[in-house]
Amino acid sequence: MNILTEMIRGWFGPDKMSDQMVLILSAVTLATLMFVVMALCALVFTWMERKVAGFIQSRYGPMRTGRWHGWAQAVADMLKILGKEDIIPAEANRFFFSFAPILVLLGSLLAWAAIPWSPNFVSADLDLGLFYIFAVSSLAIIGILMAGWASNNKWALYGAARGAAQMVSYEIPLALACIPVVMYTGSLNTSDIVIAQQGGVLNWFLFRNPFIFVAFFMYFIASIAETNRGPFDMPETESELVAGYHTEYTGMRFAFFFLSEYANLFLVSLIASMVFLGGWWSPIPGTDFAPALTFIIKGVLMVLLNMWVRWTLPRVRVDQLMYLCWKVMIPVSLTCVVGAGLWMMWRGQA
Amino acid sequence: MEQKAIYEKLVEKFGEGALGFLEEGPEPVADIAPQKIAEAALYLRDEAGLEFDQLMCLSGLDWDGFDENGKGKSVAILGYDVGGQPETSDRVGEGDLGVAYHLYSHGQRHKFTMRVRVPRTAPTLPSVAGVWSTAGWHEREAYDLVGITFEGHPDLRRILLEEEWEGHPLRKDYVMPDRWGQVPLDGKNLAKNPFPATEPDPSGSAPAAPTED
Amino acid sequence: MARYFVDIWQAVSSAMVGMSITIKHIWKKPVTLQYPEERQVLSPRFRGFVHNDMNKCDACQICARTCPVDCIYIETEGKGKDRWLTRYAIDYNKCIWCSMCTEGCPANSITMSHDYDHSVYFRESLVYEYVDPTVKKIPCHKEKRIELGYHVMVKPEKKKPVEKPAAEKPAPESTEADDKGETK
Amino acid sequence: MANQETKMNSGWADQDHVPGIKSELMELNMGPQHPATHGVLRLLLETDGEIVHKCTPVLGYLHRCAEKIAEGINYKQFVLYTDRFDYLAPVCCNHAYVTAVEKLMDVEVPERAEHLRVITAELSRIASHLIALATFGLDMGAWTPLLYCFREREAILDLLERIAGGRMLYNFFVPGGVRYDVPDEKWTADVLEFVTMLETKKVKDYNQLLSYNKIFIERLADVGVISQQDAFDYGSTGPVLRGSGVSFDCRKDDPYSVYPKFDFEVPVGRGEMGTVGDCWDRYMVRVREIEQSCRIIRQAVDTMPGGEVHAIGLTKPVKLPAGAAYSRTESSKGELGHYIISDGGQMPFRNKVRSPSFCNLQIIEKIGVGQMVSDLVAFIGSLDIVLGEIDR
C-alpha cells in the first residue's frame, strides 16, 4: 500500500494532489488489480480443475483450445459466457436477482485485501486481519440466500437454504481451527502470523504443536464446506437440486458466482498456507528468494489437494453435513484450542 | 401344485365363477368370470397351499378379429399409409376385451394363469389392486392402452399416454391419429422421389456403365 | 461413544483409501481417444451406414420387405426382360442399423459399411438416392444384366443345406471378371 | 395439511408440527429434465422442507407403444425393438423375447447358440450393472466411479461389437439361435481375460472407492428400506427383490436357456450396513452379481460345444403355432416377461411386455413418502430404472 501511494505521488508530482486523492487513486488501482488477479485465478483454476478431474478419471480433459493441453479453454469459456444472453426470469425479483452475484463476489473480493503476499506487500495491513477475512467472507451467505430467493425457483430456494445453513455453521470450526495459531502469535495481524513462522519447515505452525496439526485438518475440511465444494457442495448438489442457487442464472451473472467460487477456493487455500504452512517462508531457512511465489505455490498445492478430495468422495447428505459440523468438528476444534494451550504451557512456549 | 389342481380348488370355492380350463397348448389357462375375479384373486393369495404372493403380469387383451382357427388370418391392425396418413376402415370392432393374470407364488413355487373376458360394450371388471399393489399400474396401463375400466381401483388414470388422449391404441380397431391437439402428426414426407418418372426407354439401349457410388 | 470414534476413524480411513485409488490414475495413460485424429479400430462385423452396390443389385425387393422400419425404397418400371430399376433410396432418418437387409440379400449387394460419422444439415439429405434414372437405369432381368455387363448372382447349389442362405456364398470371381470384361 | 395422515416410515417425518402455525406443502416438480431421474421420469413431489410427503410418478415421455408395433411386424423383426426397451442391457431383452417365442414355437436351439446367448447376456448384464453403479455413484455425488465404470463398460461394448456388430443395440439373437458365431478364436480368450481383469482388479477398486466409503454407506444405510412383504406385494424383481433378502432369480428358480448347467450363487441383501432391504443392500447385490456373472461367463466359455448357431436360417420366416404363453427371464433389472398370443401367423396377435423397471418403480409411491429429497434421489438410483423399458 505504501509503495503504491509513493508511486502514485511520484507520477503526479509531490504537490499536485491532496493526500486523500492519492489514497483513493491507489485504492482503486489496488482493487482493480485484485479483481484482475482474481479473474485470472478463476481462469487458471477452472482449467486446472478440469485437467485434474480428467487425469483422475482416466481421460484427458480439455485438449483442443490453444493446442497445448487446451490451456485456452477457460479463456474461451469466459468469452462465451460474456457473450451469453442475460436472462432474468419473469417472476424473479429483479433487484435482488441482479444484486446477489455482486454481493457474493464482493465477499470474496474484500477478503483478499488482507492477504500478505510478501513481507512488503499487503493491500491492507490490518491489526484484525484474520478476523476481518472471516467477517467479510460471510457476506457471500447473504448473496447466496438472495440469489436463491430472488430466482423464484424452488430448486434454487432449496440450494440457498442449504447453503446458508451450511456456511453459517462451518464458519465456526473454520475460525476455531485458527485460534491455536493466534494464541501463539498473540496477534490477528496476518503479517505477524506469517512472520512468527520464520525459520524453516519445523517452525511452521503445522509442525509446532500436535493439536495445531489436527486443527489444520479441521480447517481444511471446514474450508471445503465453506467454499461449497464436493463432498460438501450442498448449495449446488447437481444430482439433487439441478444447480442449486444459481439454477436460473446465465451469462455474466453466472460467471460472477463461478468467479467467486474459485476466488474463495484460492482464498481459503492461501489462508491455510498463511496460517499453517509458513506463508511466504520457504521450507529451508535462508532460501527465501521469491516470497510471493512461495506463498502462491503453497496456495496452489492446497487447491490441488482440494480438487483431489472433490473428485474422490461422494457427497454427504444435508443433515449429515450438519451432524459433522456441530457434533464432530466443533468439539474437535475446541479440543484443539484447549489442547494447544495446555501444550504451550507444558513446553513453555507461551 | 399343478394348475389343474388349483383350478379345481377355484371351482370348489366359486362354482360357476370358474368358467373353464384350457389344458392344451404351451400354457394351461383358467377362465374366470369377470365379476368374481377380485374375490378369486384374494382367495388365491390368502388360501394356505396356494399363497400367490406375486402378480407377475397383468395384460389387457383385445380379442377383436382373432383368428380362432390358428391360421394367422386375424384382422390387420391399422397403421399409417405410405403418404403418412392414418389408415381407416369401415369395419366395426367386435369381439370381447380381456385381461390375463399371471401369478406366481414364492413360497410354493408354482404358477397360475387366469383369463377373463368382458364384453366390448361394457368393459368393466373389479380391480385386483387391493390384492396385489403391483396391479395398480398394470391396470392403469390396461385402462390406458386397451380401455378396460377397473372398478375399485384407487387411482385409475391414464399412465403412459396423455390424459387428453382419445382412444385406446392397443385395440385392434384403433385409428392412428393424424393430429394430437394442435400438433400434426404426419410430418414431412422425406421419402419423396426426387426424380420425375420417365417413359421407359423403348430402344432398350445400354445405360451408362455403372460407376462407383 | 466408542461408536462415535469408530465412525470418525472409518470416515477418515475410507476417504484415504479412495484418494489413494484416484491418485494412482493420474499417472496412468488416459483411455479416451482424441476422436477425429485417433479412431477406434472397428471390428469386421461393425454395422455402419448401409451401402448398396448398384452393380450387384437387381431390385429383388427382399431388403425392402425385410426392413422392419421400411426405410428402403425401390421403384422399377417395365416388366420381364424390360424391367428397369429406376430408384433405389435408403432413408437414413429411419434406418436403425439392424443389418437384417444384408442377411437376406441374395446378391450380396447391400452391406453394412464402416462409415459412422456422416452429418448433414437437412433431414432431406439423409435420404440417399443410389440411382439417378436420368443418367442411367439398372436392368433387373438376368439376361439383360449379363448382356449389359452387370453382376449376376449365382444360384446356390442344390446340395447345400437349406438353412444356409444364398448370401453366404460369394459369387465366383471368374463370373465377375468376365462380366467386367464384357462391359469394356 | 391434507397429508397429516399419510403413513410415514422414516424417522424424519415424525416431527410434530407446532400447533397453531399453518403451513402448506410445497409442490415440487422433479423431472422430466432432472439429473437424478435417469432419463425422463417425472416425479410430482409434495414436500415439507426437505421431507417428501407425497410422490407421484408421471410416466410416458418415452412411450412408443412397442406392443402395438409388435402386432404389425413379424417375430424376427421385433427382436430389434426389444433392444430398445432396456438399452443398457439389450442382449438380456433379446433373450427374454426369443425365449418367449421359442416357448411357443417349440424349436430345439443348438447348444452352442445357447452358450453364446448366455455369454453375451451375462456380458450385457455386467455392462448394465456397471452403469447402475456408475450412475448411482453420480447420484451420490461421486463423479470418478462413473468414469471408471464406463471405461470397463467400453471394453464390454468392444467385445460385443466384435461378435454382434453393434455397440449399443445388437440385434444379436434370432428365434432359434443367435445371428453369428464367434468372430475368431481370440474372442473367447479376450472374454476370459476381461472377466478375470474385472473380477480381480476392478470390482475391488469400486468397492474401495465407493462401496465401503463411509460417506457412501452413511448415505445409503437404512435409507429406502423395502421389506420382503412390500417387495412381493409390489412385484419387485431382480436386484430390488434380492436386496430385500429374498433369494429369487429366474435363472435359478425358473430356469431357461442353459443356466441350470452353471454353478453360481444368488447374492441377497444381508443388511450388513443397516437394515435388510436398504439402498446399500440393493447396490451391493449388483456388485456381487457382477462377480457371479463373471463366474457364469467363465463356465459357459469353458464348456462351449461346437456346431451350428441357429436352428432356423436367418432368411427363413418364423411362424408360430397358435397359442399363448408367458415366459420370463432374468434381465439385469429383474424379471422381464413376454406374454405372446399367437394366431398362427408370422406376427403376434398380442405381445405384452412385463418390464421389470415398470414394476420396480411403482413402489416409490409407498417408500418415497417420508424421505428426504436427497434420500429419494438415492432410492431412485438404487432401483436402477431404465425409462425405455418403463414407457416402452
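Observations, loosely collected:
As written, the chain order gives the labels A, B, C and D, with residue 1 at the start of each chain.
Here is the rule we use: contacts are C-beta pairs under 8 Å (C-beta built on N, C-alpha and C of every residue); 3 or more make two chains touch, one makes a residue touch a chain.
Just so you know, these numbers come straight off a predicted model, no measurement behind them.
Graph distance from chain B to chain D, where chains that touch are one step apart, equals 1. Each chain gets a centre from its C-alpha atoms; the one nearest the centre of all protein C-alpha atoms is D.
Here the CA centre of chain B is 35 Å from the CA centre of chain C. Remark: chain A and chain C have CA centroids separated by 55 Å (rounded to whole angstrom). Centre-to-centre, using mean CA coordinates, chain A is 44 Å away from chain D. Distance between chain C and chain D, defined via averaged C-alpha coordinates, is recorded as 29 Å. Across the assembly, chain B contributes no residue in contact with two or more other chains. In chain C, 15, 18, 21-22, 31 are the positions where the chain touches two or more neighbouring chains simultaneously.
Counting partner chains per residue, chain D shows two or more touched chains at residues 144, 151, 209-210, 213, 215. Considering their complex, residues 25-27, 29, 53-57, 59-62, 66-67, 69-74, 77, 79, 100, 102, 106, 109, 113, 132-134, 136-138, 145, 158-162, 169-170, 174 of chain B touch chain D. Residues of chain D touching chain C in their complex: 73, 76-78, 80-81, 144, 151, 154, 158, 161-166, 169, 171, 179-180, 183, 205, 208-210, 212-215, 308, 310, 312-316. Touching chain B in their complex are the following residues of chain D: 59-60, 63, 65, 67-68, 71-72, 103-104, 106, 232-235, 246, 248, 253, 319, 321-326, 328, 335, 337, 339, 341, 343-347, 349-350, 352, 354, 358-359, 362-363, 366, 391-392. In the complex of the two chains, the chain D residues touching chain A come out as 26, 28, 34-36, 50, 137-144, 146-148, 151, 209-210, 213, 215-216, 218-219, 372-375, 377.
Put simply, chain C touches chain A in their complex at residues 8, 15, 18-19, 21-23, 25-26, 28, 30-32, 34.
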